[in-house]
Every structure is written in C-alpha cells, then in structure tokens.
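Okay, so subunit A shows up in both of these, paired with subunit B first and subunit C after.
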Partner chain A sequence: MIQLWSVAAITFKEGLRNRAMYGISILALLMMVANLLISSMIMQEVGKVAVDMALSSASFAGLLLVLFVGINLLAKDLDRKTIYMVLSRPISRSQYIVGKFLGIALLIIVSMALLSLFAAASIYLVKLNTPGYFPRFSWSLVGLSLAFNTLALILLAALSFLFASFTSTSFISLMLTIVAYLIGNSINDVKALVEAPQGAGIAPSPVIVKVVQIAYYMFPNLSFFDIKTQVAHGIAPSGSYVFWTVSYGLVYTSLAVAIACAVFSKREFP
Partner chain B sequence: MIIRRALPIILVLLLIPVHILTLSTVSNKRKTLHQGEDVAYVIPGPLLKITSLEYDGLASDFLFLKALVYYGGTLNRSERPRVKDWEWRWIYSTLQASTDLDPYFYDPYYFANAILTWDGNMVRETNSLLAKGSRYRDWDWMLPFFMGFNSFYFLHENGRASEYLMEGAKRPGGEALASLALRLAVKGNRTENAIIFLQEILKRTKDIATRKEYETRLEALQGIHVLEGAVNTFKDKYGKQPSELKELLAVGIISQIPEDPYGGEFYIDKDGSVKTTSDLRSMKKTKNN
Partner chain C sequence: MIKIVEVSKQFKEGVTAKRVQALQGLSLEIGQGEVFGFLGPNGAGKSTTIKILINLIFPDSGSASIMGIDAGDKTVRRSVGYLPENPYFYDYLTAEELLWFGGRASGLAKGVIRQRTELLLGKLNLLEARKRPLRTYSKGMVQRAGLALALIHDPQVVILDEPMSGLDPIGRKMVGDIILELKGEGKTVFFSSHILSDVERFCDRVGIIVGGRLRLVDRVDNLLAEGATLEDVFLAEVAKAGLKEVF
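This part shows the complex of A and B:
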C-alpha cells in the first residue's frame, strides 16, 4: 500500500510541475473573459449562455489536461525507459499502474477544482452585470455538472492507461485517446441516428448499424456525463440518474484500469 | 555589429505595416467571395449534434448569434426587398438547427418570432418552430402566446389561437391569457385584439431595440384602429362606404389622417378595410436601425 501511495504522490507532484498546466490555466482564463463578451450579445437568456460558456471552457481545459499532461505522466516513463528503474524496485507492475492512475486522478480533481473556480467567477461576473436574466439558475446544478465532468475525465484518463499499456509510444496512446473521446461523445447520437435515420434523411447500410452498435458497448458513453445543456436551463436530473451515471463511470474506470494492469503485467520490455 | 543587431528590429518595424496592409486587403477580397444561395447550406440538426460533441449548448449559442449577426448585416441594405427569400429560409434553417442542438434555448424562438413572421412571411414555419420550443419549455407561457398571436393575426385561425392561448394560460405567469382567449373565441374586432396582444408583449419586453419595433407596430395598428372606427361612423351616418380617407376628413369625422410610422400611407381598400401602402413593413431605411 505504501508503495502505491508514494507512486501516486510522485505522479501528482510531477503533474503539477508540468509547464503545460500554466498554458491550460491561461487558456481557461481567456475563455472565461470571452464569456463576458459573448453573454453581452444575447438578448434574453443571458444566464443560459453564460453557464454554457463557463462549463464548456472548464470541460475543454480539463480535456487538454488529460490529453497533454495525463498521458505524458505514464507514457514518459515508457518513452524514456525510466520504467526500468521503477520496475527494479520492490513494487508490482499492477501497483505501479494503480498508483500512477491514482496520482493522475488526484491531479484531475485538483485541476478541475481550480477550473471550477474560474467558471464560477465568470458566471458570477455576468450575473453581477445582468442580474435579471438568471431566472432558473442554480449553483448546485453547476457544481453537479462540473463533478460529472471530472468523473468523465478520470474515465478518459483510465482509458488512456489502457492504451498506454500496449502501445510503444506516447503519441499513439494520445491518438487513441482522442479517438476514444470523439467516439465516446458522439456514440449516443450516432446510435440514435443510425437506428432512426429518417430524421436526417440518410440510409445507413446494415453493416454500419451493426458496427455502431458494437462500438456502443465497447467505448465509454461520455454523453451520459454531459448535463451542461440541462444545467444551463436549471433542469435538475433525477437522483437515480446521478446515482447510475456515477456507478457507470466508476465501473468503466475500474474495468479499464484492471485491463491495463493485466496487459501491462504480461508485457515484455526489450 | 550594430547593424546586425538592429536588423531584426528594422525588419519587424517594416513588416508590421505590411501585415496591416495584407490583412485589410484580404478582408476586403474576402467580401467578394461568392456567398449566394447555393453556398448557404445549413447542416441538419441531428448531424450537428454529433459533430458538436459535448458542446451542443455552445454550438447552439453560436448558430443563434450567426443568424442574429447575419440579419443585423441586412439592416443597412438599400435594395428592395431588403432580405431575399433564400436568406429568410437560411435564417430559419439556422435557427431550426440552433434549437435542435438546444431545444430549451429561448432566444432563437424569440428572434424567429420577431422577424420571420412580420417581415419574412414565414408564419407557418415560425409556428412549427415555436411549437417545438413550447413542447420543451413547458414552464414558459410566452411561446404559446406568440403562437396564438400568429394564428390569430396572420393566419386568421381564431379557434386555434384560443387553444394556444389557453395552453399558455395554464403555465405560471400566463393566467392573463385566459381572458384574451375568450375575446378571440367571441370573435372581436381584429385590429383591437391585435393592439391588446401587442400591449401585452410590450409589457414583457425589456430590450430597447425590440421594444422600439413593437412600439412602431402598435402605433401603426392604433392608426388603423382609429380610421376603422371612423369608416364605421361614416357608414352609419351616410349608409355607404367611403371610397377614400379624404371623405372622412371632408365630413369632419376625423381632423387628420394619422401617419404610418412605417413610412407608408393609409388607404381604404375595395372591401372597406383600412390598409397601408407599407403593409406594416419598414419602408424607411432608418426606421429599423
């Protein structure tokens, strides 16, 4: 257990030291300023647009964090062969993977807390400017959406571990993670579209329908965690939805980390 | 040595004006790029929902702003008609896509109702868009209210208008619509009802530019209302239709002909109803700015 935590702590510190963190924070800050500009162009539902902008900025910055900081933390060990040093220590490969993962999860949670502060500040400023345009606004829903977002990012990080466990360079894991993110966010709509294609006036072949259905079970359904639109309109999801979404996230994350451990334990290093 | 050090600075100083020159030239040339009907395709909502990933709400906001900015750009045009048919259709499709991405978003519905009905002649399309909004925003009485007004005023379907208004009356804050619905059901004076409708809208409108537009409309309708009353008085007194408004002046029923705020002129149509040459659409360039 102690080894596990020390790996986690080192990973977390290493992540914080990464320069990319500054870049991501500046980007988030800029997008929050853009929030003030764009909200001022809206006639009626200013609150909705402000919440949209703030939540989307936080989510996008968090995504960049997972893609460019998170992946590097594991893949760098493999890229630079420092993994040999670690593996010669009295620590099992699974402990190493789980420890790394916990460190990155902690990094994501801390960064998302920071991004949430930015988001809340920008919403607060818009609210201060145009107080009459927030009729159905609730801070707790904004918090829930950000928490869901954090969970989705942790899931994505777990998936990137799975990819890193069998690929040889960090670039390939990055690409695979991006693909998984794109598929994960669109699979729900794609499945709905190919199963009822009349809406968009297309006619997909049966093979495509099958492929989409298989992908639906393989890839994480990230749109479950996306309640930004509902939150922007002050529509609260039911308690059971929250419970099942959190369960789904935890189960999928554990599954991905477990497979990553299994693959990584079997892996041979040249 | 000094020259070598100064060279990059000189180069930067030279390149800055060149940069500004190329930027302004390209942005001017860009305006000559073909932007006609054939390139104004709007991707259908279900596909946009996929490509916008987790940023549906944001994409919806931007599509709405795109339509808004485009329409704003047409306000300064001098040609007639100011906005072409395909442009109205493009604005409609864009708002349709925006509300596909986020069906709860109020602004596209509000904007569509404000411009596509009066100016764009797309009343049925607007009502189907509003119906989508009304289905999702089931707490909002404004959308059924707009649908009611459109059905009553443009489509002359009083029965359906009452239904929409009754639907709106059931929602929080919309209780006052019930009496309007009743008025329509007993088939009152069309202009008078429209004035009551507009006064109700004005009470809820905060935005100054939109208020101005509705106030102009109200003023024009009030002018028509006064003249209609005068025509009726003339009929009662002389037992025949006046053929033109000057007759009303001549017999002293009215002291002056009200001015059409849209820049047109009021006249009496063959069927005896009062109309205006502007058809309640802006004729002056400055009016809508």
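This part shows the complex of A and C:
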C-alpha cells in the first residue's frame, strides 16, 4: 500500500507543478471573465447562457488538463524511461499503474474543484446582476454536472492509460485519447442516426451500421456525463439516471485500468 | 549473491521484426562483498543483462536471481539499488522528494529517510541543491542524484549501469569513493563501464561480454599480473570475438 501511495504522491506533485497547469488555470479564468462579459451583452435567456458557458469552460479546461498534463504523466515515463527508477523499487507493474492512475485522478479532482469555484463565481456574479433570469436555477444541479464532468475526465484518463499500455510514444496515446473522446461524445447521436436514417434522409450501408454499433459498445459513451443543457434549463436528471451513470463511469474506468495493468505486467522496457 | 544461469535473450527490431540475439547462454556468479566490473563494446549486452536483473525485461531462457530470490520477484528489490544508464527523473520534483519516494517505496520509515537523505546528498555534494527541481540540474548532478536514489535504502546489492557517464573528474572521484565505501561495508557491487582505469581501480573481478556472449571472467590482479593493461586484455578479447573494427 505504501508503494502505491508513494507513486500516487509523486505523480500528483509532478502534475501540479507542471507549467501547463498554470496556462490551463489562466485560460479557465479568462473564459469565466468572458462569461461575465457575454452575459452582460445579451438580452434574453441570460441565466441559461451563463450556466452553460460556465460549465462548458470548466469542462474544456478539464479536458486540456487530461490531454496535456495527465497523459504526459504516464506516457513520458515510458518515453524518457523514468519508469526504470520506479520499477527498480519493490513495486509491481500493477501497483505502478494503479498508483499512477490514483495520482492523476487526484490531480483531476483537485483541478476540477478549482475550476468549479471559477465557474460558480462567474454564475454567482451574473445571477447577482440579473436575478430575474434564474427562475429554475439550482446550485446542486450545477454541482452534479461538474461532478459528472470530473468522472468523465477520470474515465478518459483511464482510457489514456489503456492506450499507453500498448503504444510506444506519448504522441500516439494522445491521438488515440482524442479520437476516443470525439467518438465517445458523438457515438450516441451517430448510432441513433444510422439506426433510424429515414428521418435524416440517408441510407447507410449495413457495414457502416455494424461498425457504429460495435464502436458504441467499445468506446465509452461520454454523452451520458454531459448534462450541461439540462442544468442550464433547470431540469434535474432522475435518481436512477445518476446511479447508472456513476456506476457506468466507475465500471468502465476500473476495466480500463485493469486491462492496462494486465498489458503492463507482460510488457518489457528495453 | 547474483546468479545468472544460461540466460538468452532476443529482441525484435524494426518493422520487419528482425530478430537480434542480445544475450546467448550467459552464466555468471558474483559473490557477497565483491565488486564486479562488466565490460564490453556498445551493444554487447551489458545493459540487457542488467535490465534482466532488475526485471525490466524478461529472459527468453535461463534464470537470474539475487540473494537466492528470482529477479522477477519484486521483494528482492528491497535489497537492490539500481542506477540506470543516463538516468532521467521527474522534472518538477526536488532531489529531496526523489529520495523520499525511493525510501517510502522501499518501505523505509520517515526518520530513516531523512537521515539517509542528509547523509547521501552530503556525500554527493547535492545538499545545497536538494530543494531545487531536478530539471535545473546539470547532467552530472542528475547522475549523482540517481546514485543517491539507488543507495537510499542501504541495499546489499548495488547495480550501476555506466555510473561514471557524464561526470566530471570531481564527480567521478565522488562516485569512486562511494563504490570503495560500499566495498568496505561488504556490499556487492555490479557495474558496467567503458572507463577501464576505474574498473582497474575498484574491481575485484571483471567480465568481458562481446556480441551477447561472456568471453572472459577473471580476477583483475590475475589479468594484470603479466604486465598487460586492462585495455590490452579488453581489446584482445574483442578481437578474438571477431569485432576487428575496434582496431
């Protein structure tokens, strides 16, 4: 256990001190300021726009964090052979992967907590100026959306671990993670489209339908975690939706990390 | 202490997955308290042998053990210190944090880690730089920090891959003094090097590996008894193996 936590601790520290973290924080801050400016320029639906923008800004900054800080924390260990220093300790490959993942998950949670503060501050200020536009607003729904977003980012980080376990460079891991993110966010809509194409006036071939169906079950369905639009309209998801989404996120994350552990335990580091 | 029996290893290279024989039937035994120098031209199989001992790569056949425990068993690494060739550490951690990690991961108590950190960083002249991020270190400083990390848990067996690489004469002396100190403490030291004068100074025995085969293992004093230098012996072994380009 000590071995696992010592890997998690150095991963968290290394990530927190990365210069990219400052850049991402400043970008998030600027986006929140932009939220205030844009909200003061529009004449209607101010509440919905402010909530949607604040949550989208936090979500985008979190994505940058996973792609440019999180992935590097593992992939650069392999690129630069820093992994030698870790694996020469009495640490198993699985302990290394789980420890590294815990460090990155902690980094995502802490960063998202900070980004959530920015988001909440910008919503609060807009609400203070235009309270009439927030009739169905709920802070708990904003919190739920940010928590879902955090879970989706942790899932994405787990997926990047899976990719890093069988690729040779950090660049390939990054590309695969971006592709998985794009597919994960759109697969729900694409599947609905190819399975009921009449509405869109298209006729996809059976092969394409099959490919989309396979992708649907292979890639994580990240759109489950995106409730920004509902939150902006003040619509609460059902208790069962929250339960199944959280369970889906945790199970998918655990599976991805478990497969990464299995692949790593067979991998050589020449 | 260290026992390698009939170890062979092949690597696949390039897109055609061409097989390259890195080690061929390598057997070697190193006793407790011995300082063993491992010599060979570039690509001879020195680092491959070391990485098999650290379990970074797995042998295709044969076995490797340290203190009677298989090299694949992680518990053996509580007693082993390893310095990789051209070590690279985390950019934003300090030397103090690096040693804290090494100590904790090896199961040391916090008080012991503090004590050992002070002692090792003092010996390696890194005390003043201990709170600086490692990315601000020179190559020699990184090498010395790596040696401190290898020794933080006071291991019985120390395996060093090119420990003198990138060091200036002062750094080389520091590392040399530490190797001699380890020898005095009865620790087993296994190191690869291209600097033959260092090998002559520190080692009880040397092994010369060429093309993945161990060509010679003997005591340094035996090899030098007839007035030959270690360089003569090394070049003769390489020539015998058919690598004439060294001349």
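Worth pointing out:
Everything below uses one rule, namely that the second predicted complex is superposed on the first by the 269 of 270 C-alpha atoms of A that agree within 3 Å, B and C clash if a C-alpha of one lies under 4 Å from a C-alpha of the other, contacts with A are read in each partner's own complex, and residues count from 1 in each chain.
Definition applied: a residue touches a chain if its C-beta (ideal position, glycine included) is under 8 Å from a C-beta of that chain, and two chains touch if they have at least 3 such contacts.
What you are looking at is a predicted structure, and each value in this text was computed from that prediction instead of being measured.
With both structures placed on the common chain, the touch criterion links A:S59 to subunit B but leaves subunit C unconnected. Using the contact criterion defined above for the overlaid structures, shared-chain residue A:A9 touches subunit C, although it does not reach subunit B.
Note on subunit A: of its two partners subunit C and subunit B, the one contacting more of its residues is B. Judged by the touch definition given at the top, the superposed model places A:M43 against subunit B, while subunit C stays out of reach. Once the two complexes are laid over each other on the shared chain, residue contacts for A:P90 go to subunit C alone; subunit B is not touched.
Of the two partner chains placed by superposition, only subunit C is touched by A:K81; subunit B is not.
Of the two partner chains placed around the shared chain by superposition, neither subunit B nor subunit C is touched by A:L255.
Shared-chain residue A:D189: touches subunit B; no touch with subunit C.
Only residues 2-3, 5-7, 9-10, 13-14, 17-18, 80-82, 84-92, 268-270 of subunit A touch subunit C when the two sit together in their complex.
Subunit A makes touch with subunit B in their complex at residues 38, 41-45, 48-49, 52-53, 55-56, 59-60, 132, 182, 185-186, 189-190, 192-193, 199-201, 222-223, 226, 228-230, 232-233, 235. Within the complex formed with subunit A, the subunit B residues making contact are 44, 46-47, 49-51, 53-58, 60-61, 65, 68, 102, 104-107, 110-111, 206-207, 210.
Residues 11, 48, 51, 54-58, 74-78, 80, 82, 84, 87-93, 97, 101-102, 104-107, 133, 146, 149-150 of subunit C are the ones touching subunit A in the complex.
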